[in-house]
Structures are given as structure tokens and as C-alpha cells.
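Chain lettering (A, B, C and D) follows the sequence in which the chains are written, and residue indices restart at 1 in each chain.
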Amino acid sequence: MAPEWQVEVWLNTQVPLELSQLRGRVVLLHAFQMLCPGCVSHAVPQAERVHREYAELGVSVVGMHTVFEHHAAMMPEALEAFLHEYRVTHPVGVDVRVAGTPIPATMHRYGMRGTPTLMLIDCAGKLRLQEFGSMDDLRLGMILGQMLAESKDPDCL
Amino acid sequence: MAPEWQVEVWLNTQVPLELSQLRGRVVLLHAFQMLCPGCVSHAVPQAERVHREYAELGVSVVGMHTVFEHHAAMMPEALEAFLHEYRVTHPVGVDVRVAGTPIPATMHRYGMRGTPTLMLIDCAGKLRLQEFGSMDDLRLGMILGQMLAESKDPDCL
Amino acid sequence: MAPEWQVEVWLNTQVPLELSQLRGRVVLLHAFQMLCPGCVSHAVPQAERVHREYAELGVSVVGMHTVFEHHAAMMPEALEAFLHEYRVTHPVGVDVRVAGTPIPATMHRYGMRGTPTLMLIDCAGKLRLQEFGSMDDLRLGMILGQMLAESKDPDCL
Amino acid sequence: MAPEWQVEVWLNTQVPLELSQLRGRVVLLHAFQMLCPGCVSHAVPQAERVHREYAELGVSVVGMHTVFEHHAAMMPEALEAFLHEYRVTHPVGVDVRVAGTPIPATMHRYGMRGTPTLMLIDCAGKLRLQEFGSMDDLRLGMILGQMLAESKDPDCL
């Protein structure tokens, strides 16, 4: 089962999100940093496209700002400016800082190796894929399409 | 039901293909011309990527050379050189010329408006999508992924 | 004549740069903000390529961080992290903040309309081009090539 | 000195072109084949952009169809369809076939290794650069800009 995330501050959503409340939906969770070039050029805009085109069909896209370096440069206020300038509209949580380590809580729980990292969680809450680096659109679409088809099975929940 | 194609010459396959023999698989049929810029830059390489990555998972990719202009420049011998230079390895059929009209037979049967045109045919042989122009990878992947999931249903056939 | 810039802090250079000291060289001055998408995807990497390939041939590339919005998110410490992550090695100055206005001093002096803005200054210190938005590589190369040829004229200074 | 080209048929020009008549101008001569992927995706559209944007400023762009393989697929009639479909408007010559060798005459004279090959000839008719493969826009612009500046020197001729 995909572990619950831990979030300090939410942006682009009025209410905090919990993974457990998203059962029945396919969840695309992507971890990023606003100063990570591969996140900015590829992973964040890809996640935003999935959100805009497939939220209504059953995919919940959630960004997780897993800052593990340059903390002073990537405070929530800076992240908010970043999301505004890059027209990011999907919900983004700020991963919880942990005393004594640069690695934030959710990043640690999932055992992520860096950013960007993409996670796909199925309708039953199971972590089906976790991948560090960039994933091409065709492959992401293929996997999401199969997971969406599964999520229509009433036995999923 | 998707109509059967009509082919004069096959390239990249030892035996002629028939749509009826592909029941149980998802079929990506793409119509192109070797001198159509949108086909060369987008549709043909996209189809080739689907072939290389998803043939084993159940997608049959078939190209159809539906020449409706510049016939003398796009004879089968020229097409063969094109497929060689562009490293196209998936099966390609040459659509049957019809006397008295520039539109070849398969193009006419499907009512295609031009090239590139993408058709997706499901495990039961039903034409599920026909689209003129370019389709982005994310959307193509999403639809293929859902169709692949369906094709695992034993009731499909 | 191109006005002198005003800089609070320099990065990627041990000594402060003055425009007047660059007579005889072609100067590519580009104004950017680290959270401006067009700067990050196009203008900053383009300037860096010019620096890496043409500094030895006589082009001095200078970045100017002209923050006029989201000031708290784009402090010098954040800029330093940005330059590190994006592998920017050319000198960058932080434009001087002015009390009572969001527009910094150099941006005001040059009458810039936003970011990115590209300025080309010839061997005699004359501002030959100022353009808001993205410039394609071919055109930039053409203009720089002509200015470099001029700068070999001993009468330039 | 750049050798004169040898041409069987000209397209996109009413009168045959001779290199010797282009003294005083910068000449971009590019050798290509209509079924060479790197030519189609990069070299031909790059040459066309130079033609559209810099012909008036003194650059003459000339394409040379140096067919050395798949001759039957790249006859002048097919080339004409290609130029039409790809919206190529600059003059293109068909290199002269030579009995007993696949290498056409101009290709042989210049000692080209394949396609695409780019040649830059200065205002005095001297071959200044010959390069096999793709050249990036920034570098091409830089060299053309310097050559254009030189060509304004009345001593050039």
C-alpha cells in the first residue's frame, strides 16, 4: 500500500488532501523541487497536462514539493510564486521538514532517490509504480489508461 | 465494425495481413504518405514507437500508404527506400489504386479526409477512433492503455 | 550609448564588471528573472551557449537579474541556487532595488518592458539592439557575427 | 576557390544559376537528398529560413540534390513533389549523374562524404567552410554574419 503523505502547507486546494480519501481514483503523485531543471522542463508540465485532461476521467494529480537542498531558496512563499508563473493549477503539498536531516518526511517514507520522482497509485491505494527521472508521455499514458480501466471494476474498492 | 483494408503490396512482413486475423489484439492503423510532412515528422515515428514498445503487449501497428497525390513520386519502390531510410520496421501495406479517382480503395472505404489519419480498432474488430491529423502521445497512450485492458477480458472475442 | 548598469551583488565573477571596461568587445546583456518561464527555457540557456562558445572570440555575456515581481522569492541566495542548478557560468549581476518602486535601477535606465530582454552593445559602447521576448538563434548569430566583424576594425574604439 | 557546380535540372528558378555569377554575395550551398532524414528534419528547413530571412541582405541559398543511393526513388519528378510539400522556395539544382558511379558530379568535385553537407562560399568565391552533418543555428548565423560584414568591403570582388 502507498504510504500516506505528510504535508506542511497545501497550495492550489482549499482543503488538505489525504491519500486515503482518493480510493477509487487513480493517483499520480509527483515529487519535485522548483529549482530542479528536469522537474521544471518536463515533470511539472506533464503532470499539469494530465490534471487538465484527465481529472474528470478519474485521475487525481498531486504534486509534492520535496525540498532536500537549497532550502532557503525554496520556501513555500517562493513555491507559490513559481506555481503562479508556471500556471500550475493542480494541488501541491509542501513535504514536512524533519529536524536533523535534509530529507523531508514523505520523501523518506517513499524512499525516493531524488527529483523528479513519479508515483502511480491504483484505485485500491496500492503503489503500482515509482520511478526516478523523466517518463515519456506515451508510456505514462499507457499505464494510466490501463489503471483507469481497472478502476471501473466495482471490486476495486 | 472496421472495414477490411485492401492492399496491393506489403512491406516489412513476409505474409499479407488481414484485419480479421487480428481479433483479440488492439490494432493501430495509420494512413500516411511518404511525402506528407506531418506524417514524416510525427505520425510515422509515433507509430513505430508504439510498435517497438507495445507489440509484445498486444498492439498490432499497421501502416497504410494511401497515396492520393503525386502518385508518380510515391511508387512502392520509393516507399521501400523511405521505410529503409527512416528505420520503419512495422508492416506497411500499399493501398489499392482505383481507376478514375486519385483516392485509393482503403482510404475511400474508411472515408478518410487526408493524411495522417489514425484509426484504433479494438479486440472485437470495432473501429473505436478515427482521427485526421496529429494526436499527442499522452492521449494516444491513454486510449491504447484502456483498450489493452479491455482486450484482456475473455468475453472480448 | 548604452547606459552603465547598476548592480548590488555579482555572481560568477570575482570582480565587479563595468560596461565601460568592455570597450572593444561585443556585449550581450540579458535581463531575466529566475522565475520567468521564457527566461528559464530559452533566454538563459541561449546566453550561456553564447558565453561558452564565443567568449574567446570577443563576446562578453552578462546576465542582469532584474526582479520586478515576487521579490521575496528571488533574493540573491535563491538566485545563487538557481545558477548552480542550471549550470550557468557567465557573470550575473543583481539589479539594484529602488525604494518606492518594484522596478530596479538598470531595468528603469534601459526602459525595459519585462523579461527576458536582450541587449546588444557594440565595440564602441553603443546600444545596437534591445528586444523584449525571445530571439531565435539564427538571427542572434547573424547580428553577433556582424558586430564581431566590425569590432576587428581598429577604428572601433 | 569553390568549384562550379554541375546541374541537370533547376527547380524554383527560371534561369540556371552559376556560382561565378554570385560574386559579391555570400553563398550557402547545401547538398541534400529528399529521403535523407537529417536533411528533411534539419538542413533543408534551416536553409529555407536563411533564404527567406537573409536573401535580401546578401545571402544566396542554393540547394543541390546529390543523389547517391535509391536513385529510382529520387528522380526530379519526385523531388519536385517534395519541394512543393515541404514549401521549399529556394533554388535547387539536380546534381549531374555520372556513368559508372553512384556519386554525382558536383558531389565528387567537392569531395563530399554524404548528406547533408553545408558549404559557405564568400563574396570572392572562396570556399570558406564545408561541413558534413547538421550545424546549429547559432553557429551558422555567427559565420554568415561575419561573412556578410566582409562582403560589404569594396575590395572583396
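Just so we're on the same page, contacts are C-beta pairs under 8 Å (C-beta built on N, C-alpha and C of every residue); 3 or more make two chains touch, one makes a residue touch a chain.
What you are looking at is a predicted structure, and each value in this text was computed from that prediction instead of being measured.
Each chain's centre was taken as the mean of its CA atoms, and the one lying most distant from chain D is A.
Distance from the chain A centre to the chain B centre is 36 Å, each centre being the mean of its Cα atoms. Centre-to-centre separation between chain B and chain C, using Cα means, comes to 50 Å.
None of the residues of chain D touches two or more other chains. Taken pairwise by the contact criterion, the protein chains form one closed cycle in which every chain touches exactly two others. Screening every pair of chains for touch gives A-B, A-C, B-D, C-D.
Per the touch definition, chain C reaches chain D in the complex via residues 46, 49-50, 53-54, 136-150.
Against chain A, in their complex, chain C makes its touches with residues 35-37, 40-41, 69-70, 72-75, 77-78, 80-82, 84-86.
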